[in-house]
Amino acid sequence: MRSKHVFMAGVAVLAAAAMAVAAPSGGTISGKVTYEGTPAKQKVIDMSKEPSCAKQYTTPPTGEAVVTGAGNSLHNVVVYISAGAPDGGSAPAQAVTFTQKGCRYIPHVAVLQVNQELKVVNEDQTSHNIHPLAKANREWNKSQPPGSPAISEKFDKEEFIPVKCNVHPWMHGTFAVLKTSHYAVTGDSGGFTLPNLPPGKYTITAWHESYGTQTQDVTITGGETKSVNFVFKAKAY
Amino acid sequence: MQEASAQQVHQHAPPEGFIRKYVFSLDHKVIGKQYYALALVAVFMGMALSWLMRFHLIWPNSKIFGLELLSKVGAPGGVMTPEYYLSLMTMHGTLMVFFVLTNAPFAAFGNYFLPIQIGAEDMAFPRFNMMSFWTTFVAFVVLVLAFVIPDGPPISGWTAYAPLSAVGSDAGPGLGWGQNLWGISIAIFCVGSLLGSLNFIATTLDLRTKGMTLMRMPISTWAWFITSCISLLAFAVLLPACVLLILDRVAGTSFFIPAGLVVSDRLQPHAGGSPLLWQHLFWFFGHPEVYIAILPAMGIVSHVLIASIRRPLLSAKVIIYSMMSIGFLSYMVWGHHMFVSGMNPFSALMFSFPTLTITIPATIMTLIWLGSLYGAKIRITPASLFALGFISMFVSGGVSGFFLAQPSLDIVLHATYFVVGHFHMVMGVAAIFGVFAGTYFWFPKMTGRMMNEGLGKWHFWLTFAGTYCIFMPFHYLGLIGNVRRYSAFVDDFLVPLLPLHKFITIAAFVTGAAQFLFLINLIHSRFWGQEAPVNPWEATSLEWTVPSPPPFDNFGGKHPVVYHDAHQYGVKGSRGDYVMQDSPETVVPES
Amino acid sequence: MGKLFAVILTIIALVSAVPIVMHTWWMPQDISAHGHAIDEQMSETMAEAGFSFLAAQLLLAFFVWKFSNRKDDGKIRTFPGGAKGLVAAAFILVGTEMLALGVLGQKAWATVYFTPPAANALQVQAQAGQFAFYFRYPGADGKFGALHPDKIDEGNQNYFGLDPANDVEARDDIVTGELAVPVNREVHLMMHAKDVGHSFYVRELRIQQDFVPGLDLAVHFTAVKTGRYEIVCTQLCGLGHYNMKAYLNVMTQEDFDQWMKQKASEQ
Amino acid sequence: MSTQANTMTAAGKSGAAEAAKSGIWVGIAAITMSFAAFTSAIIVRQGSDASWQHLALPPVLYLTTLILLGSSVTLEMSRRGISALTAGSASGEGGEAAAGGLRWLGGTLGLGLLFVAGQYVAWQQLAAQGIFLATNPSSSFFYVLTAMHGLHVLGGLAALGYVLRKLAGARPALRRSAYEAVCVYWHFMGGLWVYLLLVMRMRL
């Protein structure tokens, strides 16, 4: 029976998929991103133009182009597998939320998979416009007055897209659109972990909005954890 | 020299078939009606846009039913975005200025009545005439296409100031293909207007019937003639400006874009252009354009007025000379739009004086109209009401010009609602009142049926009071400094003004709704109105000597001979208190 | 029916004039040294325009009232003096009126545009971009660093395109989002457009001047009253036009010095 | 016929026939205005741009200028013959003159086409030097002005072709005024070109 074969094949595929998800049997790449040298001083953001945002801060916020932490750790670095891993397949159903609050972007770098839904939310009492300066993807530029519904968008090509608000020029962020589902963004400690990697040869890329990209090749043979560190050279200006 | 076929062109037989008769017709009357229909479509579109804008200003976060169908991007969930407000504003201005105010009083009525009023069978170049309408129509289609492209209509306003209009979509939504379509549309419109103006001038100069000396032409004919002269030179400047703008946008030239512009973080690959050049070219067209809208209205109103007050104007000559001097001065004043644009401050003075000088012919005309009412026998009809309303609007819109003509006051009032109130009253409403007066007056001639007078009067009362309620408060807002072209009022000093804005919005809805009375009247009377006699208003000019509607060649193969000017009212004639232009009887003053 | 027209027109004319006479909606209080000339000119013009408006509207109403639908078989009469009188009247009355307004108005204009800024005026550069104003003070060296459009990096808050790495003059430039000025001191504001056309408008200051890309213009003014005032953009510049604003902060000299110190430390 | 024509207009002139003549002057006024706008644009641009680089005109333009002026001469040469044609005496001696007139007219058309081709060659030469529309302000104006003028010349060529076709038929049917109008227009195109050449040659 033909349909029976199809059914069996379907079961097999499902089982394989279930195994892939269920068994965290692969290897892991983890590490830390740091900088050397003196990074440029992040200036205080002058929000006097927008009193409704300015009053949300007791100490005035500083710029986010370079955010560092203890031990020379570098934040907001996107670390991802740029080659070697199978494509992420269909995009996750869950949307990535990108919030405008206090006239800043949360998160500063939003990572999306190709065709994954992006939800842009305005929690401020003022209008923003979201202007991703895309080159490979379709560029758009939309206003979002206070109280408007979330803007839902997708990007269909891999690209690091600078995003800005023209109304509040200090607001700059990034939409990192990746093909892979294996990515991490460094946080407070500068650390990252890319788990569940089947054996294979990978290229790991670390991207920072001001300091550019670095790559390293890593081979995973089994269930081991490999350590990979990135060091960026800071620029004073 | 004998003309081998001199008569061929003008003695064409009536066309057969729907297409040649009503679509690609060479008949100036059909073309006039086509212009009128196009203007009617455009004016209702423009009005709907103004409704949407007024609604958004008061209730920026409210859904507008059906708006999502017009644009999903511009109105997600039916709520208009700020950029879509600017798109609608641009389209409102462009539709109204070009396709309503230029088309209706000038191209529509001028085409229909100029040849008849001078006793001609048709325009001098009927083929050009047809082409000018159809190019205008194409321009309209191209403009409206901006609504359906994904990019949406441009957001740079009807003035399309460079470099906002020139640098492309980096500067915002609608500035990609939307702006291209705008530029192409206006360029095509220029071509159509140039052809039309050329035709009007040649017709007036060469096709007047026997006895129709220049000074015997009705004032309306004079107005169209003067307007066509203005329009010829004005659009001849806008056309190259549009060509240069389009090249800057699509071919990478830098006529209007200087070096070193960083738009949305992108350094623009242009150098050496001058944004002020666009402003100069645009306003060199733009100011005369104001008179392209208002002069025909002045002519129509004068024409309607004398038939309604049963006496000639105190001096038709003075009116004609005033129109000429306004037309002439209109070319010397464009700089008053640019007082704060960074021109040399000395040139601001150079532009201020001729601008103030325009007040003199304008006042003369007003006084002549007013003085002519004295001792007259005014017949109140919808047409005469709109003519009288025109005088009132012209005065109201005109006096605010005193302010804007002075650079020192323009510092405060520039780009505020004061300016918006000024030009809406004097160029928009006044010119539209001229069109209404002309419509109520000439409708019987154009269709052979009378319009409903009661409905017409209601239309007048609502429109007259309504437009004052809308545009008078604009001046108050401007005095406070309410900036124009804002899609919402978020500044501290603007928020308290919202109640006044709400009043304006409500007035706009009522006044706009009243226009449907006009539309109903127009459609109903066209099919079911009372049949019109040849001369329902007991008027003197040649259009009232021919059947309603006139036959294909206007005068049934005859060439009328003219013995008088068109102002023979309040005199003893065989028909009563007036003498037709083609009546050979001698005029006996009544007293 | 003509009488109805007259009544409605009279009501409209009178009601329209009320808010003007009452100053219900009027210009805000002037805080500039030069503004009184503009305000006087405004009142002068308003009086003349208001008179012309009322006279014409009421005359129109009166004539329509009197001469519409005349039942009497009266004769057509002509306005005393005829066209000649009216034309002469227009020339003389309006001509002198306009000449007077023109000449007087030039004085107000001249105070703004024909006087050079004082040598010791506070030098400030204003930059307009979509959709914010930024201001730059030359800092301790009194000199502005050069502008490099390619160096503009708003994410790093380099709004002007300064090059502190190579340009010493730029290092102490103070960039702020509000325009703070000391009271009673002349300010020489140099205007630079980053992208498209914008405008600088402070109602209370009686100053409006466009930013024209590629054309560096300047205005100068003296604020005589402390306070916070809104600077708004009046030249259509894109989707955020209505949100393009900044504050003018007129301070006492002490407060200004304090503010300057604070801002310098934030650079 | 002539009495009827006289009743047509006030001044006794044949209005319909004159219309083409006044129409062409009105058209010339509009075209003049357009090119005046371009000229003012050039002046503003040269004044506002310190880095203005003036374009060296391709020499072939002087040849095309001669061609265009020559075509005006040939057009004038056609006048006598065309007079004979429109007068309706296209037989005998008149016929010979008429044929001559048509030849001159054809020559004008040919020279006009040659002019347009020459302009194209000038574009090719500039393009070969790497100078295109958007290269610099001067080149932008060069291309725009030559293109706009070229478009108007093409319009004139179409009109010449129309006149030629109407006159060359078995029963020549053309109003004298139409021919006159085309002549005026063509001479104007020549004059306009000389003016543009000077504008582009000189630094204003």
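General remarks:
In this document, chain identifiers A, B, C and D correspond to the written order of the chains, with residue numbering beginning at 1 in each.
We take it that contacts are C-beta pairs under 8 Å (C-beta built on N, C-alpha and C of every residue); 3 or more make two chains touch, one makes a residue touch a chain.
Please read these numbers as outputs of a predicted model, since none were measured by experiment.
Shared contacts of chain B and chain D, meaning chains that touch the two of them, come down to nothing at all. Taking the mean of C-alpha positions as each chain's centre, the chain lying farthest from the centre of chain A is D.
Taking A-C and A-B together, the pair of chains sharing more C-beta contacts is A-C.
Per-chain CA centroids place chain C at a distance of 50 Å from chain D.
Centre-to-centre, using mean CA coordinates, chain A is 55 Å away from chain B.
Chain C has its Cα centroid 29 Å from the Cα centroid of chain B. Residue positions 126-127, 141, 143, 162, 164, 166 of chain A each touch two or more of the other chains.
In chain C, the residues that reach two or more other chains under the touch definition are 129-130, 154, 214-215, 238-240, 243, 245.
Residue positions 81-83, 172-173, 264-265, 273-274, 276, 488, 490 of chain B each touch two or more of the other chains. Pairs of chains in mutual contact: A-B, A-C, B-C, B-D. Chain B contributes residues 1-10, 120, 124-125, 194, 197-199, 201-203, 205-213, 232-233, 235-237, 239-241, 243-244, 247, 251-255, 271-274, 276-277, 280-281, 284, 559, 561-562 to its touches with chain D in the complex. Remark: chain C residues 1-2, 4-5, 8-9, 12, 16, 19-20, 24-28, 37-38, 41-42, 45-46, 48-50, 52-53, 56-57, 59-60, 63-64, 67-70, 74-79, 82-83, 86-87, 89-91, 93-95, 98-99, 101-102, 105-109, 112-114, 129-130, 147, 149-150, 152, 154, 161, 193-197, 199, 201, 203, 206-210, 212-215, 217, 230, 232-243, 245 touch chain B in the complex. If you check the complex, the residues on chain D that touch chain B are 1-2, 5, 7-10, 13-20, 22-23, 26-27, 29-38, 40-41, 44-45, 48-49, 51-52, 83, 86-88, 133-134, 136-137, 140, 144, 148, 172-177. On the side of chain C, the complex with chain A involves touching residues 129-134, 153-157, 159, 164-165, 175-178, 238-240, 243-247, 266-267.
Taken in their complex, chain A has these residues touching chain C: 40, 43-49, 60, 63-65, 126-127, 129, 141, 143, 162, 164, 166-170, 172, 209-210, 236-237.
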